[in-house]
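Dumping the structure here so I can ask a few things about it.
Here the chain labels run A, B and C in written order, and each chain numbers its own residues starting at 1.
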C-alpha cells in the first residue's frame, strides 16, 4: 500500500485482481446468450451487406487503390465498429447501471478498494471481452478468405487499442451523465459515426468539408487502420491512425482519473 | 359513464400513452426523424453515389429511390421493438402503470389495444415526417408515394403486436429482450431486402426475408413509392400477412392482459 | 483514560447545490465506544456515515479516522471499517456465499481464509442452508442479515451501522443487538444511526441527536433523558376534538406538556400521582398510560417533532 504515490492513495489500492475476479464469476453465472450475441451483430452485418450490397457494388478500391471485394472492404470496418460499440457500452450504459441501479460500485467502494481499482477493472474486463470477439471475428473473416495478409493478425491488438481509446473516454463521459436520456445521446453519436466513417463506402463521395469532419472522428481512424492491416498496406498513415488512438487513450485516462471522484464518490 | 369507458377505454389508454411520450419528446423526435434521416443520407446518398458513379441501378431506379421507402418501413418497424418490450414490462412490473386503469371499469384488453393505438399514432407521425424528407430528397417519384405511410404503420404494428403478446407473458426481464433484439429484429432488418433486393440473396437466406414483416412492408412501400412490379397475388399476400400478424399478436396480447390484470 | 479518539469530526459539512445535508457537526468517538446518531429520516445521518467511509466527498470541515483523512486515504481507512449501509447493496449476480467471499477479496484477504470466515458468517446470519442460492431469491430479512454479515468479513475495528434493523422482525432485532453487544465486548467501536429510540437506548453508550444537519444535543441516553425530560410521562387521549380544549387545565398539573394530534403528553416525576390529579380536576380522558421517559421525548423537546412522522 505504501508504494502507491500520494495523490492516488485515496483512489487506488492496487487490488485490481479482485475486481477482475468478481467480473469473471459474474460472467460465469451470466446468460451466455448475451455474451454470444455481442459477436453476432458484426457477423450479420458482414453476411447481409457483404452478400447483398456486395452483389450490387462489386469490387471497390481498397487501401492503395487496389480493388478488393466489397465484403473484404467492410469486414475490417465492422471489426473496428464492434470494438467501439462494445467498449462504449461497457464504459457508459453498463457503468451507469451498476452505479445507480445495481449499487454494485457502492458496495465495492465500502471496502478497501478505491475508485481507480474499480475503473481499471471495468476497462480491463471490457478489453478482455473485446479480445474474445476480435479473435472470433478474425477467425471468421480468415475462413471466408477476406483477410489477405499476415498483417491481418495485428487487427486483434488493433481492436484492443480502439476499444481502450473508446472505453477510457467513455468512462470519463459517464461521470457527466445524470439520467438515461443522457445515455441516449451517446447512442445518437455512435450511429452516425458508424454510418459515415468509411465503414460501408468510401468517404470520397462526400464534399471535402464533410470529409474533414469525418476524419476528425475517432472511428474513421479505427476503420482505416484496420483496413490497412487487413490487406497489409502499411504506410505512414497507418501509424498516424495508431497514434490517434494512443493519444485518445491517454486523454481518456487523464480525463477519467480527474473525474474519478465525481464519478464514484457522489 | 361506465358505458362510455366500455366503449372508448382503448382510446383513453392511447391518450395516456401519448401523454407519457410527450415527456420524452426529444428522444422520440430524434428516433422518429434523426435515425431514418441518417440511414437515408448514409445509404441512399452516400452508398448510392458510389453506385450511381458506376451507372448501377436497382429495379430500374436509382439506389436512393430504391432504399428510401424500405428505410421508412424498416426504421419504424425497428422502433416497434422498444415500444412493445421495455414499455410493456414497465406497465406490468417496473412502474405498474397498468394496474391503475385495471381497477376502473376499463377492460384490460382495452389497455392492450389502446397501447397499439397510441404507438400507431407515433408511427403515423414518424412515417409522415419521413415521407416529407423523401419528397425533399426527390426520392419518391410516384404521386401515390404517400400510401407508403399507412403501409409503414401497418408493418410496424405487425412487427410490434406479437412482441407485445410475448412481453406480456414475462414476469421478469432476464436476457429475453436483448435476445429478441439481436436474434430476431436485427436479422429481420438486415436480411429483409432493405438495402438490396431480397432475390440477390442466396436462397437459403431468403426465408428470413419472407417471414420478416419488414420485407412485406418494404415491397408494398416500394410499389407505392416508385411502382415496383410484382404479381397482384403477392401484394395480397403482403397485406394479409401483415394484417394477420397484427391481429393475431393483438388478440393474444389482449388475452394475456386480461389474465394478468384480472387475477 | 487519555487514549486518542478513533473518529474525530470538526465542523463537518456537506452541501448538494443549495441544499445543506450536514451543517457543521463536530464529535469525537473513543475506541471501543458505541456511538449513536439519532434523528429522523433526512437528518443527515447517512450522509455523515458515507463521509466517514470516504465514499462521499465532504464540502467542508475536518475528519480523521485513526488519524487519517478518509478522502486522502480511502482504501487504508476502509481496510479497518465494516460498513452496513441503510439499503442493502448485495451483489445480485453472485450467490450468497460468493457475496461474502468476493467482498472479502476486495479487502485483499486470501481465499483460504475466506472459506472459513464465510462459513462462520453464514452461521452468524443463519443462512448456512442458503449458501448456494442466488441473492435475488432471498427474503428481505435474509438479505439484511447477509448485508450485516458481509460487513464483518474483514474483522473491522470500527463498524458503521446505518439503520441496521430496518426491515427485521422483532426477534431478529434482538438477536442482532445481542451480537453487536458481543462485538463491542471484543473492543469493536460501533457507530450506529437510527431513528428508533429503543435501538439507540439499547446500543449506544453515547449519542448525538441530529436534526436538519445539526447537532441538537449530546450525551448518554440516561443523561439526555435526565437533562431534557422528566422521569415519567403520562399519555392522555381525550378524543381528537377535545385535546385542545383541556390544555389550559392540564398545564398546571405537569412540569411541561406536549400536545400531539392524537394525544397529550404530561411530563412529570410521578405519572400515577399526576393521573390522580387529572381525575380530581374532573377531566375524564378516554385512555391513559404512564411510562418512563424515552429518547423520543428528548427529541420532541428539542425539535417539537416526533422521530417517525
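Criterion: contacts are C-beta pairs under 8 Å (C-beta built on N, C-alpha and C of every residue); 3 or more make two chains touch, one makes a residue touch a chain.
None of the values given here were measured: they were computed from a predicted structure.
Counting hops only between chains that touch, subunit B reaches subunit C in a minimum of 2. Chain A has the C-alpha centroid lying closest to the overall centroid of all protein C-alpha atoms shown.
Farthest chain from subunit C, judged by C-alpha centroids: B. Distance between chain centres (mean CA atoms), subunit B to subunit C: 54 Å.
Centre-to-centre separation between subunit A and subunit B, using Cα means, comes to 30 Å. In this assembly, the C-alpha centroid of subunit A lies 46 Å from the C-alpha centroid of subunit C. On the subunit A side of its complex with subunit B, the touching residues are 31, 33-34, 37, 40-41, 44-45, 47-49, 51-53, 55-58, 60, 181, 184, 188, 191-192, 195-196, 200-202, 205-206.
In the complex of the two chains, the subunit B residues touching subunit A come out as 24, 26-27, 30, 34-35, 38-39, 41-43, 45-47, 49-51, 53-54, 56, 58, 63, 174-175, 178-179, 182-183, 186-187, 190-191, 193, 195-196, 200-202, 205.
Looking at the complex, you find that subunit A touches subunit C at residues 1, 9-13, 15, 18-19, 21-22, 25-26, 29-30, 102-104, 106-114, 261, 264-266.
Per the touch definition, subunit C reaches subunit A in the complex via residues 53-57, 70-76, 78-79, 81, 83, 85, 87, 89-95, 98, 102-103, 105-108, 154.
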